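For reference, chains read A, B, C and D in written order, and residue numbers begin at 1 within each chain.
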Amino acid sequence: MIKVGIVGGTGYTGVELIRLLASHPAARVEVITSRSEAGKPVAELFPNLRGLVDLDFIEPAIDSYQNCDLVFFATPNTTAMSQAEALLAAGIRVIDLAADFRIRDIATWEKWYGATHACPALVEDAVYGLPELNRDAIRGARLVANPGCYPTSVILALLPLLKNDLIDPASIIADCKSGTSGAGRKVSVGTAFCEVTESVKAYGVPGHRHLPEIREILQTLDANADLVFTPHLMPMIRGIHATVYADARGPADRVQAVFESFYRDEPFVDVMPAGSHPETRSVRGANTCRIAVHYLEAANKYVVLSVEDNLVKGAAGQAIQNMNLMFGLEETSGLEAPGMMP
Amino acid sequence: MIKVGIVGGTGYTGVELIRLLASHPAARVEVITSRSEAGKPVAELFPNLRGLVDLDFIEPAIDSYQNCDLVFFATPNTTAMSQAEALLAAGIRVIDLAADFRIRDIATWEKWYGATHACPALVEDAVYGLPELNRDAIRGARLVANPGCYPTSVILALLPLLKNDLIDPASIIADCKSGTSGAGRKVSVGTAFCEVTESVKAYGVPGHRHLPEIREILQTLDANADLVFTPHLMPMIRGIHATVYADARGPADRVQAVFESFYRDEPFVDVMPAGSHPETRSVRGANTCRIAVHYLEAANKYVVLSVEDNLVKGAAGQAIQNMNLMFGLEETSGLEAPGMMP
Amino acid sequence: MIKVGIVGGTGYTGVELIRLLASHPAARVEVITSRSEAGKPVAELFPNLRGLVDLDFIEPAIDSYQNCDLVFFATPNTTAMSQAEALLAAGIRVIDLAADFRIRDIATWEKWYGATHACPALVEDAVYGLPELNRDAIRGARLVANPGCYPTSVILALLPLLKNDLIDPASIIADCKSGTSGAGRKVSVGTAFCEVTESVKAYGVPGHRHLPEIREILQTLDANADLVFTPHLMPMIRGIHATVYADARGPADRVQAVFESFYRDEPFVDVMPAGSHPETRSVRGANTCRIAVHYLEAANKYVVLSVEDNLVKGAAGQAIQNMNLMFGLEETSGLEAPGMMP
Amino acid sequence: MIKVGIVGGTGYTGVELIRLLASHPAARVEVITSRSEAGKPVAELFPNLRGLVDLDFIEPAIDSYQNCDLVFFATPNTTAMSQAEALLAAGIRVIDLAADFRIRDIATWEKWYGATHACPALVEDAVYGLPELNRDAIRGARLVANPGCYPTSVILALLPLLKNDLIDPASIIADCKSGTSGAGRKVSVGTAFCEVTESVKAYGVPGHRHLPEIREILQTLDANADLVFTPHLMPMIRGIHATVYADARGPADRVQAVFESFYRDEPFVDVMPAGSHPETRSVRGANTCRIAVHYLEAANKYVVLSVEDNLVKGAAGQAIQNMNLMFGLEETSGLEAPGMMP
C-alpha cells in the first residue's frame, strides 16, 4: 500500500485526489494538510466523504509527511518549490499539481508567475507528467510536474499531428473553453454563481500562464511550434473543450488513421470515429481525454476537438496516473470508473 | 459472476445501471435491449461508456435473457408487468425499476396508472425493495419492486419517527425538490434546457403517482399515516431534496439520538450532526441518503431534510443494492464510490 | 422628474434599481454612492449599463444627496438606520431596501439582527412597503421599509386567506425556494458557482431573519397567526417560489374566486386559473407576483404557489412601485416590461 | 401605430418579438398565427405575457394579415419563401427571421438548405437586414432578410477590419459559442436539459448553414474573404460569443481607434476599451453587440471578441430595428432597455 500525503487538501484538485484515491486499491491517503482548516475533519468540509475518509486536516510541516511514500502538492503556485527539496531528500517522491516545475526555462517561469524561483536546480530533474509523452521518464521520476489542465487537452490534440509532421507548427490556434472549477475554490466575485451562470466570456486574451507551458512542450517536438491560446470561462463545473486549428501539410486523407494508430494503446485517450463531436459531459469524473479530428478541405486546416475533465485528466486523475507509473502499478489502477452521464 | 440483463437500457436509469455495474466486482451485464436502438452499440448512445462497454442494444424478446440470472426493467411503467412472469418461470429473478409492482392495492394502482394490471397475482409476491425496511424479505425475493425516487427519500426521512411513535402520523407534509433527470430521457418541451434552467416550479400538486406509493408504505407502519406530497422541478440534473414536516409527539430531546441509533448500521443512510443542512451535491453519483433532523420548538414540529441522487439511491443504485442482497453478495458491493463534489 | 439617489449601488438590488430606473419616464438617478468603488464609472462595474448610465460611484456622504427627492438604501442591514434621520430632516424621502425599518418590535429586531437599533423612533414612522397591504399609507409616507424578498411572496400568498378567515392562522408552513442572487453580490465560498450549481439545500431551518418579519405582518391580520418558514437555496440567479400550506376552515369551493376577486385590481399580482403551477421564469425581470391556489380535500389544506423575481417584486421593483405611490405617479410607471422568457 | 403580424409565434424568436413589441411605442401586434396552437391564448403558452397580451393564436392564412402593415416570419426555414410574394403583392412588408432570403446565390442556398427555392425572384429584391451594413437599403426595403444569429456577431466583429483593409481576408477563423435557445423551441433529445447542462460541445464542424451566409456577405466587402466557422453549444439559454481570429496587415497600433471610430454612431454596437473581455450576460435581453479587439503581436493576429443575445440582436431585436428603419421610426424605438444583469 502506497502511503500518500496531500498538501493543501481544501481546494478542488485536493478533494478530487481524495475522491479518486478513496477507490484506489493500492494507495491510501495518510495525511492531508491545510493551514486554514487544521483540526477540522476532511469530511466536514466535503460531506461527500463522510463515512469514507476519517482524516482530519493537519497543519502543514515537513515532518507531517515522514511516513509517506509520495506527496501530492494540491497547493497554489510557489508552494511546492520551497518544500519539495526537503521531501525528496527524505526519500519521499513528489507530484506537484501546481505550476512550479512545469516550465524548464526559469526566466520564462519567473516572468509569467511573477516570482523568483526558489529551487531552479530541481526544475531540471522534474519530469513533465504527461504519460502519453513521457511515460518512461515518469516511471523513474522522483519529482513530477503534473501538467496544467489546458495544456493537457491542447497537447494531446496536437501530438499526432506534430509527431507525424502533418501541420505547419507555427499556425496553431487553440480556442479553449473551461468549466469554472478550473479557477479553484478560492472566493472571488468573478466566480460567484450569479456572475458565471448563463454567461460566457474569454479571459486572458493578451496572455495566460498556460501559453508558455504549452509552447515549451510543443517546441520539444518541433522547434518552430507556436500558438495563439484563448481561454474562455463556461457556466459549468467541470470540463475543458479545446478546439484546435492548424494548417495542414501534405495529404490529409490519413489523419483519422494517424490519430487512431497513435493512441491505440493509450488507456486514457479515446479517438472518436471520423465526423464526431465529443461532449465534455462524456468524460465527467473520468480520466479520459476524448478526441475527434476534422479536416476542412476548403481551408486546408485540421480542427481537433479535445475534451477532458479539468479536475481529472487535467489534474488529479493524471496525477494518480503518474503515481501509478512511478510506483510500478497498473497504469489504470483506481481510474477505471466511467464518466457520469447524465 | 452474476449475469445481468437490462430491459430498456436507453433511459437514464438504464445507463446509470450500466455505469454502476461497470465497476461491480461480481456482476456483469450480458444483454441490454431496446426496441428503438436495436443494433446500435451502447457506447454510441452513451459515449462515457466507450472502451468500457462492448455490447450492442438488441431487440427485446423473452429468450434474449435466457442466460441471465437477473433482469432489471428500466422501462416505462406497464412493461414489466407483462414480461416478469415468463422470466420468473424460467428461473430468472427480476427487479423492476418502474412502478408495476410497487403498490399492493390493485385498485389504487389501476386508478393512478390508468391501466389494467396485467399480472395482479405477482404483485403479492413482489417485495418492496427498500433495504432499510425490508432487508430480509429482499434476500429471499424472486421479484423486487424497486422504490420510486421520491418515496425513497421521504420514507427514509420518516422511518425513525414512525417506528418510534414520535409524530402524529396524519400530519405529514413532504415538500420535495427533484432534479430533471427524474423525468427521464424521453423528449418533451417541458424538459428542454431553455424551459427548465433558471426556473423552479411545483407540479402535480393535485396528485402525483408517488403519493399512493408513499402512503401505502407508511400505513404498513401506522394505519393512520397520511401525507401531503408536493413535488417541484429543479434546474439541475440529479438530486432530490425532501423537506418533511410532522407534528411532534412526546419529548423531542431524543430525536437526534433516535435517528443516529436507527441508522447506525445502515451503509447507505448517513445521519448528519444536529443542526446540519445536507446538500444534494454531496450525494451526486453515490448510493447515499443523507439526513438531518431539526426540532422547531415554537411549532412543536420536526423538519427532516433528506437528500439522495434520484438516479442512484432513488433508482439504479438501490436496484444494485437489492441485487447484492438477493444474491448473497456484500450489500455495498459496487456501490462504495464517494459522491462527486464539486 | 424625480431626482433619485442610491446608497450602495454595487450590490444586486442596487444595479437592479439602476436597470429599472433607466426605463422610468419620471425618475432619474442623480447620484450613486459606494465606499468601495468611489470614482469608478457605474458602467464599468455593470457593463450592461454602458451607454445608458453615465454616472460614477461617489463616496457616500450626507450632502451627496442634497439635490435628491428620494434616496434608496440598497445597503447591508444597519446602514440606513444611522443615516435616514438626517435625510428626512433635509426633506428627502427614504426607501430602505434592507431590514432596518421592517420590524416594529425593537427587541425582536435587535435579537434577530444582533445589533442595537440606532433609530427606534423612526421605526414607528416607517411604513411597511407592501402596496397590496398598505397602499394608502405608502402614498403619504416619508420613510418606507421595503419588504424582504421571502416575506413578499409569502404574505401575498396568504393575504386573501387570512383576510377572509379561510385558514387556521397557526397552521401555516412556508416552504420557500430562492435563487442565489438573494444572497447578494458579496463573495463567499457558499455562493461560488461550483458550490451552488447542480445542488439544492435548505438553510436557516432553526431560524431565518425573514421569519419574524413575516410573523409580525401576519399578526397584524390575525393575532394568532404563526408559521414555520424554511428557505432553500436554488441553482438559479433569480426567482422565489413559495409553497405555502395551511389548514382550511369552512367550505373550500370559493377559494379560487376569493383569490381572483381579492387581486382583481392589483396590477402586480396575477392569480392563475385553478389547477395551475406558476414557474419562476415567467416573472424573470418583471414586477409580478404570480399565484395559484390548490385545495387538497383529503388533507383539508390549501397549498398556495407564489412566484416572484426576488430582485424585482422582492426588492428593487417593489421599491419603485413604492416610489411611484409616494410621488403620485402611475403605480405601474417604469414597471410594465414583461418577464423574460426564455 | 404600425400593425404587425407574426407568423409562427410559438418559437423563441416569436415570443421574443412579442415581448419586445409589448414595450414598443409605435407598433402593435395585431395577429399571431400558429398551426399547432390555433385557438389557444398566447399568454397560456407564455405566461410571462399574462395581462399584457390578449391575443389568441390563429390558423395561418394569407388573409389573416390583411390589416397588417408588416409581417414577421418567425417560422422554420422554407415557410416564408412560399408566402412572402402574396403578402408583398397586398402591400404588406415582410421581415423574414428565417433563412429563406439571406443568401443571394440560389444554388448555394439550395445546397445548404436541401430544398428548391420557391421564390428565387424575390431573393434579389430582399435586403440583408444588418443595419450597420445596409441601413439605407433597409429604409426602402419591402422585404428584409433578417440575418442569422451567428452571422450578426461575426460580421460585426469583422466589418471595421475588412473595410479598413487591416486583415488578410482569407485567414479568418470564427470560433463561436451559442446558448441553447439558438436551437429553437422544438423538442429533441439533444436540447433536453439533462443533455445540455454542464457540458460543452462543438457541432457542425464539417459545415453549418451560417457559413455560406457569412461568407457571401464578407465577399461583398472583399472578394477574397473566406473563413473557418465552428459553432459550439453552451449550457445557457441566451448569448453568442464569437471569438474571431485573423492575420493582421499593416501597422496594428490604430486598431482600437478604428473600431471606436467605425461604430461611434451606431446605437447598438458597443466597442469596449482596449484590453476588455465582454461577457454575454452583459447583453442579455438587450439589442446590443458588444465588441473588444485585441492584437497579438507575437502571432501578428487580431482577436475580436463579440457578444450578443442571439434572440435579440441575433434575431427579434434586430428585426424590430429593421422595422423601425423601414417605417421611418427612431431606430432605437422599443429597444432601449438595458441588459439584465445578473
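Definition applied: a contact is a pair of C-beta atoms (placed from the backbone, for glycine too) under 8 Å apart; a residue touches a chain by one contact, two chains touch by 3 or more.
Here the structure is a predicted model, which means the values were calculated and not measured.
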item: Set of chains adjacent to chain A and to chain C; value: B, D
item: Chain whose Cα centroid lies at the greatest distance from that of chain C; value: A
item: Between chain D and chain C, distance of the C-alpha-averaged centres to the nearest whole Å; value: 36
item: Distance from chain C to chain B - Cα centre to Cα centre, in angstrom; value: 39
item: Chain B and chain D: spacing of chain centres that average the CA atoms, whole Å; value: 45
item: Multi-partner residues of chain D (at least 2 other chains); value: 12, 181, 185, 194-195, 197-198, 235-238, 278-279, 281, 284, 342
item: Interfacial residue positions of chain A with respect to chain B in the complex; value: 12, 15, 19, 22-23, 46-53, 181, 185, 197-198, 237-238, 270, 272, 278-279, 281-286, 288, 290, 311, 336-342
item: Touching residues (chain side chain C, partner chain A) in the complex; value: 12, 180-181, 185, 187-189, 191-198, 235-237
item: Of chain B, residues touching chain C in the complex; value: 173, 175, 177, 194-195, 197-203, 205-206, 226-228, 230, 232, 234-239, 241, 243, 245, 275, 277-281, 284, 294, 296, 298-299, 301, 303, 305, 307, 342
